[in-house]
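See below for the structure under consideration.
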């Protein structure tokens, strides 16, 4: 639960592991976000941000799946 | 120096010596005044008040003297 | 915005709505656990894309809604003290305590600040070393790592004028409690995607199996929610009760390990009281012994009401507990939209935009029977309306 | 008001003016020591009742004017601190320190309160036990008992969050200092009636005798001041230099004994720096050892600049020192009514209504040579004007 | 949800109780503000001119029709991208006059300054007011200045009141709204509120997000000059588009239909709103209005409006339905529908 | 002193320096206020109507002459003997209109409420405003309400702006003041300021000292109706009688002669002023005015004024002398004379 939105890491501002932060862009806006919990995420990656913290990296392959599924549906109606 | 004005003691509010206070009237107005430094002044007496403290009782006989002097002058011009 | 607006397109929504309609043969009752999903469902009018015999019921997944009155009262007590800067997420300010709310403490002169992140509260503590800065650390598993990090950094940097008043909830025990209830009407769950982002979903298969309910880890965009519903209905129609992950672009099975480690470092599990619902064993978090100096309740000598009191006894007639267990709807409450409104809430679910009552009030659908038939400017609604009538 | 308005009547004023004119045969220069008298002289236009060859010069008897810059700077330092409520009589707020004034500290957020009595500051300390309440205890002998009482009661009642920043002056040493000055033009003194109310006037005969100056203890009403001048001129004309008591309705020879005892209990004598004038031995009061816990300078660890610094070096071109010693008039100052005005004072005497510069500015007489000859509505002014021309 | 029909039936549920206090929500421009006005303030000043609840009062003095309006401005920070409190104070009143179809003429200005305000700040704000007044063609003719103690103000509060002349005989009022009217919105929404809030929350932008604050009198005068029969106007300020629509639907006793897809919102506003959990329809604007225009004239009106830079992206966002039910039906991008409500209290950044 | 002629020669000695800040003195209505106005504010709004510096702006719209004025009210405490902030807010604007010879018609009211204000307090103030407006014959037709955070206000600030009609063709302005005019004061001075300050200082009174706050439009309308040629009017507010006289002598470029003996001051005001070291001529009033009337009509004017309870003790306090020197000569009870100056900054209680 709790409001969390996708954003793209633009810069790493602080690389100290427990204090890792970066600039994250959301559409046209940017904010400094704590990246301590997504050590694997780097500049260019999309992350989900909640309460000032990135809590997960977004997997683009997984993200495409639903659209692929629906596209397939479209060409091959289920009924 | 320092602003001090005459007022009349209307009531004693606290009779404890070092904390003696009373209501003092100035023309049409009244204020609680510290009377610790004028132990001899009582209800009905006029006192001179500075910074919330009565600092002297007014002596009515002495107060009249200048007017008596001038009155005498009047009847008996000095020159 | 990427990963957001592509999940809100009329065409794909319509496709999924069709799929759901196609797969549904009988009535089903599904709970979306998370208030964020409730908000999205009502805000985006998603019910309108569902066959009329699919009923969504709204779960307890709103930390604003379930924080016990006792904690609000402790918060009010602390926030009213002269030397305190009290920090909170915005919605908490208007939740009624037993006598008043934080908003009125602020109006009476309490120094209460709204923050976006627990780290903002920690920064305030650094900036005001002469003040006690207290953060009202509410949240589910999603927010726990952030709250934990604030305490962790406070200790690491010796910021001793900082403390947390915690009100931390864990979701799986609440799901289990609802499954155990004899009154329960819930046939499937949409599990909260962001909770699972942190915790993963390894604890769910046993629940699904034990209680025979499908559990679909679901995201927050309209398309996510509809897909979650689709997967859930599909399982129900097929007689399955498994765990599926709709939100795989964000959630992995094992969750966010560094975040879990931070939670474990700072917090330990406890029994927890949920407003309107009551005690649920092992459903809360409290600061560990080593972090007790950062426990506001301890620092200010307040009674540890959290584990002692049972605060289900709402004398106001608020039925939020029943609503959050899926037993009733906001409109079943006699106060709804009368005495209880967002500007003058009686119960917490009327406060938070994730609360079912506020969501219903704010994004109320109009009386369809009247309005749907006489549309003037409608452009795409014919098809949708047709779909809905199938 | 009794004992006030009867001393402001045109007829008796005129009688005394006549008496002064009659007794005066040659120019005399007289100093009224007290700023309260300066204020009355200018406010009531009393100079207009005097023969033109009697010159009044204005003494240093304004505590606002003579408080050293160092003390203002200490006051500013303390008042700017976050946990302090700083209390002062009103006029002190606008006195320039070396960089700014208390008013600007207030504007920058300092909690500065104007009080009517030191006891009001003490009450604030009782009301705000979590704050340090500091009173800027300025004054001459008149105010010393009130300031002393505040410290005395603070100790008696254990009000330990209260302290005094003292700036206490004694008049007789200042009179003696002026008498010793080779430049002095002062031929007679009006001694300050309210100082003598407390201290009596037993210390004056030796001064009068030693320096051959008449000293008349004088009150504050127009009639008092004119009578004081009359008595002084009469002595000068007769070649006497004695102490007389014009203000006998209030002042006794021995003064107010309980008040003196309170001063002695709390304060001890020290050398004191006077703004614009310099050090004068034995001309100040400081808290005794036993009252040091109530000394703000000590409490806040400020340098005891009072006895160490010589703060006569005003680099601003302000000639207040010379004015207060009777050597110059405000209009001799190049800043007067130009850069230095009550709303933007350069020197302290432009701040206090008792300061000579402010009094001159505020109650300026208009250019008599022009205006006096073309009066339209004048009713009683003919006689007065005639008198003045005698 | 569709099964449980929600009848929201506001029935004065909140007589102010003995120890009730004013909260920030009462100043939000939303439901609490509405309640304060209708339940506490209006009853004390029961007169038909005030009761119209319009942006300006319409006065007849001799043979002149005048519009008269007032607003106080209390924005923090005083300076924000695209504007400052001085600009707002001029535009706000100019716009309220414009919304009555009046030509703005004269302005009063009353300042409440907080002790300690740097003179430079004051000077900058005054310069901005001066410039903005000139640009808006309104004359500042009377004023007042008060100073309050440190801690009893917030730098500068400005009140402006304005007088304009109504030089035509069209009646512009909610009661004129008719079935079939189209609803024109003069540009993208939410810029002002988000520019201010973004500054407070430390958000930065790729392209600077500027407040939309601007004078709206010129486009309105164009419409009037060209004979467009304006039924109603409303500038979108506190409470945003949603609150303005709800208020007008209540005053007009009409149902409005509004399409989310038709409402322009910039990427920056969208991003900031998503981040803070806000809905752009409730965010404040200071240079946007809605106009209710008969369908036959809507295209002509759009063309005229698009000639002014301040309303260059004007568009039709909805229409007036039949029936007397006061409600605003909002159709989402996905085709679903719900009712718009007033902003309940204060718009707070939310996180969960 | 008489030997050293003091030429007070105000020559703009204080260009605001880089780090100068607003102080309470800038709101006192005295010299600092004057300086803020003339040196900082007016230069930004250079137009002839504002420049008259009158209580109201005089506007010609079509064939109508209107007066327009504004004031913000920031009094603390909100309730004081004889009045409250609501009353002040109505009277203040009614009186500024009256001082222009206008008949007050319409009022705007803008509230700035501090979070936490008890609703009861607001309600009481509104009731008082409502009652006072009715009694003063002015209609409140438009309004605004803002709420500021706790600690950024002081309970309630009220702005009222007012519109009145000028139904005669007399020009009432400082420039009309002529040699030989008599100066009428409408009653005893200092009540309002001392009633408020006495509350703060804990003074009590034998006979309650009530603020003089009152509407002054009726007596002025009487004068106009009876054909009295009023040259100038000024209500005495912040800065008191002295500041009003000095300002008018400057605008008129005339010398005024004023007699202390003629100025009524109550015993209570005298006592409180002596105690706090204040001069009643500088204390604020809210229901007193001065009128400059040709000598030939002064008696008739007095008779008319004395028929109104609010100006029942009107009296002549001085006259206008010849010459163009802007000064106010004040003759004391004892017959001595001095010049009156503006209040320099804030009027502070003094003790030494």
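First chain written, first letter: the chains are A, B, C, D, E and F, and each begins at residue 1.
Operating definition for what follows: contacts are C-beta pairs under 8 Å (C-beta built on N, C-alpha and C of every residue); 3 or more make two chains touch, one makes a residue touch a chain.
Here is each chain with its UniProt name: A, B = Hydrogenase expression/formation protein HypC; C, D = Hydrogenase maturation factor; E, F = Hydrogenase expression/formation protein HypE.
Computed from a prediction, not measured in an experiment: that's the story for all the values here.
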item	value
Partner chains that chain E and chain F have in common	C, D
Any chain that touches chain E and chain C (Hydrogenase maturation factor)	A, D, F
Of C-F and A-E, pair with higher C-beta contact tally	A-E
Chain whose average C-alpha position is farthest from chain E's own	B
Chain of greatest Cα-centre distance to chain D (Hydrogenase maturation factor)	A
Rounded Å distance between chain D (Hydrogenase maturation factor) and chain E, as computed from the means of their C-alpha atoms	59
Where chain B and chain D (Hydrogenase maturation factor) are represented by their mean Cα positions, the distance between them in whole Å	21
Centre-of-Cα separation between chain B and chain A, whole angstrom	83
Where chain B and chain E are represented by their mean Cα positions, the distance between them in whole Å	64
For chain E, residues contacting two or more additional chains	21-25, 115-116, 151, 201, 267, 270-271, 274, 277, 350-352
Chain B, residues touching no fewer than two other chains	1-3, 5, 26-27, 50-51
Multi-partner residues of chain D (Hydrogenase maturation factor) (at least 2 other chains)	1, 4, 35-36, 62-63, 89, 104, 107-108, 116-117, 139-140, 142-143, 354
Touching chain combinations (by label order)	A-C, A-E, B-D, B-F, C-D, C-E, C-F, D-E, D-F, E-F
Residues of chain D (Hydrogenase maturation factor) defined as touching chain F within the complex	1, 4, 8-10, 13-14, 35-36, 41-49, 52, 55-56, 62-64, 89-91, 93-94, 103-104, 107-108, 114, 116-117, 138-140, 142-143, 222, 329, 331-332, 336-339, 341-344, 352-354, 360-368, 370-371, 374-381, 383-384
Contacting residues of chain E [partner chain C (Hydrogenase maturation factor), same complex]	1-11, 13-14, 21-25, 30-32, 35, 180, 201, 255, 257, 259, 267, 270-271, 274, 276-277, 279, 318-319, 321-323, 325, 327, 329, 331-339, 341, 344-345, 348-352
Chain D (Hydrogenase maturation factor) - residues contacting chain C (Hydrogenase maturation factor), complex	82-83, 130
Chain E residues touching chain F - in the complex, by the definition given at the top	16-28, 33, 36-37, 40-41, 44-45, 47, 49-50, 56-57, 59, 61-64, 66, 68-74, 105-106, 108-120, 122-123, 126-127, 129-130, 133, 139-149, 151-154, 157, 159, 161, 163, 165
Complex interface listing, chain C (Hydrogenase maturation factor) residues touching chain F	104, 106-109
